[in-house]
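The first chain written gets the first letter, and so on, giving A, B, C and D; residue counts start at 1 in each chain.
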Amino acid sequence: MAGSIYGKNIMISTWGESHGDALGVVVDGFPAGMELNKEDIQKFMDRRKPGKSEVTTSRKEKDEVEILSGVFEGRTTGTPISMLVRNTSQRSADYSNIKDIYRPGHADYSYDEKYGFRDYRGGGRASGRETIGRVAAGALCMKLLSKMGVEVTAFTRSIGDIAIDEKNFDKKNILLTATAMPDLEADKRAVEYIRACQEEKDSLGGVIECRIKGVPAGIGEPVFDKLDAALSKAVMSIGAVKAVEIGDGLLVSARKGSENNDSFENNSIRVTKKTNHSGGILGGISDGDEIILRAHVKPTPSIFRTQHTVDREGKDVTINIHGRHDPVIVPRAVVVVECMCALTILDLMISNMSSRADYITEFYKKLK
Amino acid sequence: MAGSIYGKNIMISTWGESHGDALGVVVDGFPAGMELNKEDIQKFMDRRKPGKSEVTTSRKEKDEVEILSGVFEGRTTGTPISMLVRNTSQRSADYSNIKDIYRPGHADYSYDEKYGFRDYRGGGRASGRETIGRVAAGALCMKLLSKMGVEVTAFTRSIGDIAIDEKNFDKKNILLTATAMPDLEADKRAVEYIRACQEEKDSLGGVIECRIKGVPAGIGEPVFDKLDAALSKAVMSIGAVKAVEIGDGLLVSARKGSENNDSFENNSIRVTKKTNHSGGILGGISDGDEIILRAHVKPTPSIFRTQHTVDREGKDVTINIHGRHDPVIVPRAVVVVECMCALTILDLMISNMSSRADYITEFYKKLK
Amino acid sequence: MAGSIYGKNIMISTWGESHGDALGVVVDGFPAGMELNKEDIQKFMDRRKPGKSEVTTSRKEKDEVEILSGVFEGRTTGTPISMLVRNTSQRSADYSNIKDIYRPGHADYSYDEKYGFRDYRGGGRASGRETIGRVAAGALCMKLLSKMGVEVTAFTRSIGDIAIDEKNFDKKNILLTATAMPDLEADKRAVEYIRACQEEKDSLGGVIECRIKGVPAGIGEPVFDKLDAALSKAVMSIGAVKAVEIGDGLLVSARKGSENNDSFENNSIRVTKKTNHSGGILGGISDGDEIILRAHVKPTPSIFRTQHTVDREGKDVTINIHGRHDPVIVPRAVVVVECMCALTILDLMISNMSSRADYITEFYKKLK
Amino acid sequence: MAGSIYGKNIMISTWGESHGDALGVVVDGFPAGMELNKEDIQKFMDRRKPGKSEVTTSRKEKDEVEILSGVFEGRTTGTPISMLVRNTSQRSADYSNIKDIYRPGHADYSYDEKYGFRDYRGGGRASGRETIGRVAAGALCMKLLSKMGVEVTAFTRSIGDIAIDEKNFDKKNILLTATAMPDLEADKRAVEYIRACQEEKDSLGGVIECRIKGVPAGIGEPVFDKLDAALSKAVMSIGAVKAVEIGDGLLVSARKGSENNDSFENNSIRVTKKTNHSGGILGGISDGDEIILRAHVKPTPSIFRTQHTVDREGKDVTINIHGRHDPVIVPRAVVVVECMCALTILDLMISNMSSRADYITEFYKKLK
């Protein structure tokens, strides 16, 4: 049942392998008439592309996006937008020694069991390069959301045990630091920590946070398509994410109701909450407050130490991984989390346009 | 876009409000030929029904299930199975005072903003009674999974700060204890803690864990429909869940790769892993190991203390909640987590039947 | 993959067998705030219920609809609307002789091959009673469409070789005649023809036409979800329909372009067409003109003559069908065609609300 | 809600405009392990490519397919297969005069009304070139179906009033004749007729038939996803198709039950039918007989005569269409019908693999 298609109103279909010719995405159902140029997409691609700093992989890819359809005279046409990025710096030879070996922490074994064989070059479809299509599609949504006053901001909250300090938070730093941390001081310490870890031939995990401002109350569908359920799936579908929290997240399980309930209050313009333990979502539907989620990312499984494992015949072997790997996935995954949240929010905001009968009757009255 | 429909191969459509005539579910796509009687469903309904112990709501509902279609001569027919439970103990008057007031921690405000008004009686569709349909449908899947050697077991891991001790784990206790804890000793302490909390007119949160045994390697789809992404959505869609962890979950973000990677080894029958930090899922696809997830549940928002809030006009008011409420949602939500996991796993196991071309060609060769 | 669920924005899930306890439907995603009472649904149920005239089956069913959820204080709440009709006049004994025999023209054999066995009583799920759920759901959509100025009208165009005369067309007759013909004179002849056919223990087919007025230009999605493709599926999914035509339908295959093209012209208010060969659809998208389709319905397969067939062991046998059957399906299927078209049009009109970026931005600007 | 995505188990996402850079398709969910090379796809592309004979458009396109992902070492990997065809012979200048004018019989007006503007070059997305993606994806399915003993064969049944004679039917001629007729004699007359029509600056319609052999009984889902409903949608979604018939199609509406019922009989190997009025489908589910459908195709709307129409301002104007157009769409659409049927049948055959509980339990027993 597929697996590489996401969304309901706006449906994206991603494709491509780490060491294939190209990777890309087709975005179907994106509304017509939005101005779009290549740079709108490229600036998001550049945030995830490899080789930008000393704390990411040294694989150099320009990750230049081509828009092949769905845009005419600088505007989206309402028909599918196909976007593609060519691979230019594959070094498949790096992977010849793992062709028949299952790397610990990787999907080699589970893919082989599922499909009977796999494209082992660079992890094939299980590579982080798979997220290129997500980011290209997410960039489209980010542009439309910004016109709607919705601002989606993801950043690195922590790497290993080095976390940002909220009082140093400066949004513009997210795009400037090597770690995508909004706190320059924490970034500096984190970079040093990553370097030390690299010297030990080891890797690190971390936490990505996403905050979404400007979403009106009422977004999300009851029961199975709750806003938090949809966001959790979106973020948990990113490789290496092992836990997702909404609002105060896991802290709530040890709290009492009197501590955790957010009181409503009247701030003279609209109803607000005194606190935001809920992370902007009540009963699966946005409450008008800032939406907050955190994704816990595991350390890169590719480490340069000798590890124990088995081969395709089940024989015990040792493995030494070569190649160019990120010592920590988090900094480059920040924009992926942002894009997955953007896709999800926009999709649910569109669904919400038909939540009331009078929304529909008035739309068509006006159209006539 | 709906919201009350779940699944791809087996699609369930749930309906009903807390204080309406009835609640139920239609299960479409359930395979033909499985023996089914009412008791198969009722025993699951009984696990979630209210009024069973002193630590749940005192609302008494028999929650007796009626099977209205899709079963003939004791077997499923392959056509939709419609199941229904009548409400018998509504006390709508308990809610007349909250008709125009937004209860803190509840979905009153977000529903009103979405739909323009709401069925305020007992929370309407946002009530925990909504899960009746999930459990009835999940019971069907549990039966089929057990024939396939798949065992899904959810239990209460902790309530407030009282957690089970793994060395006291005895699965049969889950069905015997008031808290659904598998550890009698922890259960005893938790019950006392809940009572003390009730006396303070407060409520508690907790953690539910689910372990799934017997799932072969290869289940789950790449990219967006990863097994962990699907399970996260399933569990996060249950009201009051605010965080989900897979395997070691949030612990992984502070680990190094050398600590977190699970080594593969040959246990002479099949490939296994020395450790199971991954929680049975690698690259979004099952690795043959036990699948483990945890859901963090917030404290019941209905507490009997006076709280500050606003009414529908935005005026500041105080609220005193009456009615019959669970002091902690966790014990009755355990079976809901189990059922949502069962629905998700079975659905993905069906999808996996067409993952290889030879699976399809051999199926039809055999059929002829 | 299910099969009893239909729609994208508004999703209906139908269930029930001819001789089970009940049949019904759950409508998920229907917008909130529309006034709804039982009579809105019942009047459509009455149009399809059996036993109304001498030219339908003599099975007497009141087909009284119960609304179990999704309506509060006389208005839809936006949550699933569950509706149910109890069976009251089953005579399952009529079917004991066909338990192991495949009736010609029926789905007995194909169901047995698919599922391994079947609920043989009255055709089980393959009975025309399956359409109860479609009509209940369609009635909801008809009400909302009428508020939007969209009028869906189906009628009997012909029975056997007796067709209506366009110049006698009077819409109100559709609800008055036994045949659902809008032409009293044709109705009279058709009734006589049906009676004669009944005396010969035979059955008849016919043609149902549906005309949809008030749909603005622009409805329908390009490529696979064209308006005509969606309507064709909707109508072809009704049992016994074997051909569907849009606009001039099959006539177009023998025409020349110069004959078939509809010229556009300016009628001072908006663009119109001089002719309507296209049936209101160009390139799969409505052109603002009346939408026209025709469904060709096969004769009732249950006839009272001795027929040759085989039993479940494959042995050649003769069969004599008993029971209460419509001599022609067409009159009672008219409202089903109408309802399937209503469901389809409304669903696509909702999809269209997000076809342009400015529709979305303006909706949310207004909401704030 | 999209519109360019099709299928449930195997989902295809097509994209591209007539005069854009390229067109293509992403096929998600195609099973792993099938040998695949470019030629498997190219031979189908060549059947639909323009410029092959004197009775098609003179636009010359090589329509050479590139496979960009999802294939490794000559076999499908189970991950998305992305295929692309570059446009090489656009002559957009041919369309500058119709930029602001609505061509009769085309989707210009309905697209403008839907999206606010359109890519007018060559019809943009509404061009017949849109079907390139369908054919590339269909070619994949045809290969897998042939391994399963399923043979899908479409051909031209008639052009204008020139129809094939069943007794001259020779399947191999379909690929040899300019008209895709299986009858050499009819082809000859049809070619002459087309030429005469071209001289009159006019165009022709016709009928495409598709026959599907080797589908076992039991394929198709009850109610909404009936095999005939699914096939109708598939074929009606092809531009210019205005009617679809299953089996004897529209003839059945004028028949009696005694004439139309197909008797079952025992042919010693399996149950068969004496006649096949049903076209291989009973109750929406295959009955094991040959599946037969016919699509009625309208004449090419682009004709070289002066036509009356209006422009975007609603002013009455005359239009003279230039460019390179097929005088009849039918011959090149034959392979599109074949491919849409192949996609639909394979998808429903996969769905059917989980129709019985024992199919599922046995699959997983064997896997272990």
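In this text, contacts are C-beta pairs under 8 Å (C-beta built on N, C-alpha and C of every residue); 3 or more make two chains touch, one makes a residue touch a chain.
These numbers were taken from a predicted model, which means no experiment stands behind them.
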{"item": "Maximum centroid distance from subunit A, chain identifier (CA atoms)", "value": "C"}
{"item": "Winner on C-beta contact pairs when A-B is weighed against B-D", "value": "A-B"}
{"item": "Computed distance of Cα centres, subunit D from subunit B, in Å", "value": "44"}
{"item": "Computed distance of Cα centres, subunit B from subunit A, in Å", "value": "26"}
{"item": "Residues of subunit B engaged with two or more neighbouring chains", "value": "1-5, 8-9, 14, 29, 32-33, 78-79, 114-116, 125, 216, 222, 351, 354-356, 358"}
{"item": "Of subunit D, residues touching subunit B in the complex", "value": "8-9, 29, 31-34, 76, 78-79, 144, 147-149, 216, 222, 349-351, 353-361, 363-365, 367-368"}
{"item": "Of all residues in subunit D, those that touch subunit C in their complex", "value": "1-6, 8-9, 14, 102, 104-107, 109-111, 113-116, 125-126, 130, 158, 160-161, 197, 202-207, 216-226, 228-230, 232-234, 236-237, 239, 241-250, 252-266, 270-271, 274, 278-279, 281-288, 296-303, 305, 307-310, 314-316, 351-352, 354-356, 358"}
{"item": "Subunit B - residues contacting subunit C, complex", "value": "1-5, 8-11, 13-17, 20-24, 26, 28-29, 32-33, 66, 68-70, 72, 75, 77-82, 84, 114-119, 124-125"}
